[in-house]
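Let me give you the structure first, and then I'll get to my questions.
Going in written order, the chains are labelled A, B and C, and every chain counts its residues from 1.
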C-alpha cells in the first residue's frame, strides 16, 4: 500500500481514539454484562439466544452510529477547519486522502468490533459455561457486520465529499434504513410494473443491501450460513464500498476547497 | 491537467466496474437466499410483539409485511413447490399491524383456503382472517362477500354463505350482487350462474393482479364447463332423435341443433369424441375446468406463472 | 528559471441559490516570480490574495489559465515536495502535539524516516516551540498555532515557501521573529511568496511587491525602486505668510500653513526657486527631493480607473530592473 495512505489512515485512527470514540466500548460492556447477568438469573432456556441477539444487534448499531458520525465529518470537517490545506499542499493526491480516510475509519471500527466481539463471547461463556460448535456462526455474523461497516463508512465518506455533515448524516442514515429493507424493496420492484417498476428496480440495485448481511437471528438460532453467501456477501460489500469510494474520489477530485 | 485526469479516468472505470459487479452480486445473493428471506422475516412470529417493536410505525411495517406476503406467494407459485406455509403468518402479521388493510383480507380469502398447489389449503385460517377483518371493519361489504365466498366455494356450507352475503347486503355501501347471491345460496340454484357471479364480483372488487388473473381463469373455466355440459345435452338429444351418436359437429348443425362450430373461450373448436363426449382441444390451456377433459385426466392447474 | 509563472490564472465562483450569478474572485492574473526572490502580495482583505494562493496550491481550480511552479505543472505531485505553505489563520489536527503534527507532515512530504525527528526538533526550536512540543494543539494559542504553521511550511526544506498573512495573530515580538525568519529564508536562497495587508512588513522584507485589489493585479514593482525613486520634484519649505509670485510662475504647487510655506517645484526649477527666496529674503527651512513611499504607491494603485495598462507597464519595466539588479 501507498505509504501516504497508510499515514493518513493511521492519523485518522489516532484522531478517533484520542477523541474518545472507543469509550462506547464501556457502554457496550455495561449493556452486555447487565443483560448476561439478568438472563443468567432468570434462566428461561434462551440465554444463548438473548446474548447473541442482543450482543450482535448492539455491535451493529453501535458501529453504524460511529461509522456515520465519524464518516460524515471525515472530509467536510477537514475542509471546514482547513486542516486539509496543509495536507494537500504536500505531495498527497486527493484520492490518497479519501482512501486513507476510509481505511482509517474502517480500521477504527475493526478494532472496536474486535473488542465488542470479545465481549459477546465472554458473555456467551458466562451464560452457557462452554462454547458450542454453532457459536462459530456468530463469528460469521460478526464478519458480516464488519462488511456492513465498510459499506456505511464508504457511503458516509461519499456524502461527506460533497455535502454538509448534517445532510450527510441524514442521507447515510436514510440509506442504512432503506438498505436494511433492501430485500423488501427488491421484492417490491419485482411485483411492480411500468415506470414505477423500472425506478424501483434501479433503486433496488443502487441502495446497499444490508438484508443479506444481517444473519443475526439466524445464527442466534444456531443455523448455518451457506458458504456461498459468505463469498457473495464479501465480494458484494467490497465492490459496493469501492463503488462509493470511487464516486467520492470523482467528486472530491474537482471540489474547490472554500 | 493530465495527472488529475488520469485519476478521474481510473476512478470512473473503477466506478463502472464495481457497479456492474454489485448488480451481479446482488442477483447471486438473491438466488442463494430466495425463500430464505421470507423465512427470516418470520423469526418473530408474534404479531403483538412486532407491533410493540415497530415503535409506532405500524402502518409502514404493515405495508412491508403486505409486500412480503404478495411477493412470497408470487415466488412460491412461480417455483411450483405448492408450499405456502408462510402465507398465513405473513397475512396475520400484516392485518394485526394494520387491521384496515383490506387487500390483505381479499388475498387471504382467495389464496389461503384452496388446496395446494393453488393455495395454502388452510380454510380455517382463511375463515379466521375474515372474521378478524369483519370485527375491525364491520362496514366493509367485501369482507362479508369474501366470507360468503369461502363458505360457498371451499366449504360448501350454503347456510353460512347465505348468512354472510345477507349481512353484507344490508350495509349502507354494498354491491348490487350481494342480495342476489344471498338468495341464490338459499336456493342452491343455478350453479354456473352463481359461481360466475361470485368470480365476477371478485374480479370487479379488486385491483390486485394475482387475484384478478385467478378470477379470470375461473370465469373462463366456468364458461367451458357450461359449454361442455350444454353440448353434451345436445348430443344426447341427437341420439334420441336419430338413434345413433353424431359423427361430427356438422351432423349436429345439419340436424339444426347448433349454429356454427362451437368454440371454447380461447377460440379453439370443441371436439366431438366417441360416445358423444365433448373435449376441449388443448386441456392444458384452460385451467380449473372440470369438464371437457380426456377420460381420467386431472383438472389442469395454472402453470408456474410466467415471470413478470 | 522562474520560481512561479502565473499565466492568466482566473477564478470565478457561481453564487446564489441557482448558482447562476458569477462572482469574479480573480481576474486574469499574469505574474512571474524569480527564484530567490521575496515577493509581497499586497491588498486589502478580500482582494484575491488567498484565492491566488489556493489556486497555486491546487486547493481550488482555476476557471481559466495555468501556472507553473518551479517549471512544473500545478498538478504535478513532484512540485509539492519542494513547496511549503502556511495558510491564513492556520488550524491543525488538534488531537496531535506539535511534535506529532510535524512528524506526520514530514511523513506526508516523503521525508525519509532517518533524520526526520531531528529535523522536527530543529524546526520546533527555530519557531520557539521546543518547550510546548509535547502539548496537544488544542491547548495552543493563536500565536503558537501560527508558529506551528511556519514550522510545518519550512519543515521539509522547500525551495519555495508560500505564506498567507504570516504576521497575523502575532504579538510584536512574534512579528519580529517572523520577519527574521523570512530574512533567513532569503539568505538561504529560498523563494518566498507572501501575502499581507501590512505595508511596513512588505517594505522591510520584499524585493518586489504586487498590489491586488478587487481580484485584479493593480501594479508590480521593486520596493527599492518605489521608495528611492525621485519623481523629478523637490519640496521646499520656508518661512513666509504668502506665496511669492515668482514661485508660482515657476509652476510650483504651494500651500501656506501658519507662517510656513510648503512648495513643490520641478527639479530643474530648483535653482530658480532658491533664487526667488533669496531675492525675497525668505528663510529656507528645508529642501528635499520628493520620494514616493510604498504606502503612497499602494494607495494610488487602489484608486479605481487606471488599472490594466499600468500594471503591465510596471511589470515590463520591472523585469528590466531585476536583470539589472541581479539578485
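Methods note: a contact is a pair of C-beta atoms (placed from the backbone, for glycine too) under 8 Å apart; a residue touches a chain by one contact, two chains touch by 3 or more.
Keep in mind that this is a model prediction, so the values were computed, not measured.
From the centre of chain B, which chain's CA centre is farthest?
Comparing chain centres, C lies farthest from chain B.
Taking each chain's centre as the mean of its C-alpha atoms, which one lies nearest the mean of all protein C-alpha atoms here?
Chain nearest the centroid of all protein C-alpha atoms: A.
Where the centres are mean C-alpha positions, what is the separation of chain B from chain C, in Å?
84
Averaging only over C-alpha atoms, locate the centres of chain A and chain C and give their separation in whole Å.
So the centroids are 50 Å from each other.
Counting only Cα atoms for the centres, state how far chain A is from chain B in Å.
43
For chain C, what residues touch not just one other chain but two or more?
77
Listing for chain A: what residues touch at least two other chains?
In chain A, the residues touching two or more other chains are 93, 254.
Please output the residue numbers of chain B that touch at least 2 other chains, ranges allowed.
Expected reply: 4.
Please output the residues of chain C touching chain B within their complex, sorted ascending.
Residues 73-77.
Write out the stretch or stretches of chain B touching chain C in their complex.
Contacts found on chain B: 1-4.
For the complex, which residues does chain A have touching chain B?
93-95, 181, 183-184, 186-188, 190-191, 193, 204-205, 209, 211-212, 217-218, 221, 226, 228-229, 232-233, 235-236, 239-240, 242-243, 246-247, 249-250, 253-254
Would you pull the chain B residues touching chain A in the complex into a rising list?
By the definition above, chain B touches chain A via 4, 7-8, 11-12, 14-15, 18-19, 21-23, 25-26, 28-30, 32-33, 37, 40, 43-44, 64, 67-68, 70-71, 74, 308.
In the complex formed with chain A, which residues of chain C make contact?
Per the stated touch rule, the residues are 13, 54, 57-61, 77-78, 80-81, 83-85, 87, 89-93, 95-96, 104-105, 107-110, 149, 152, 156, 162.
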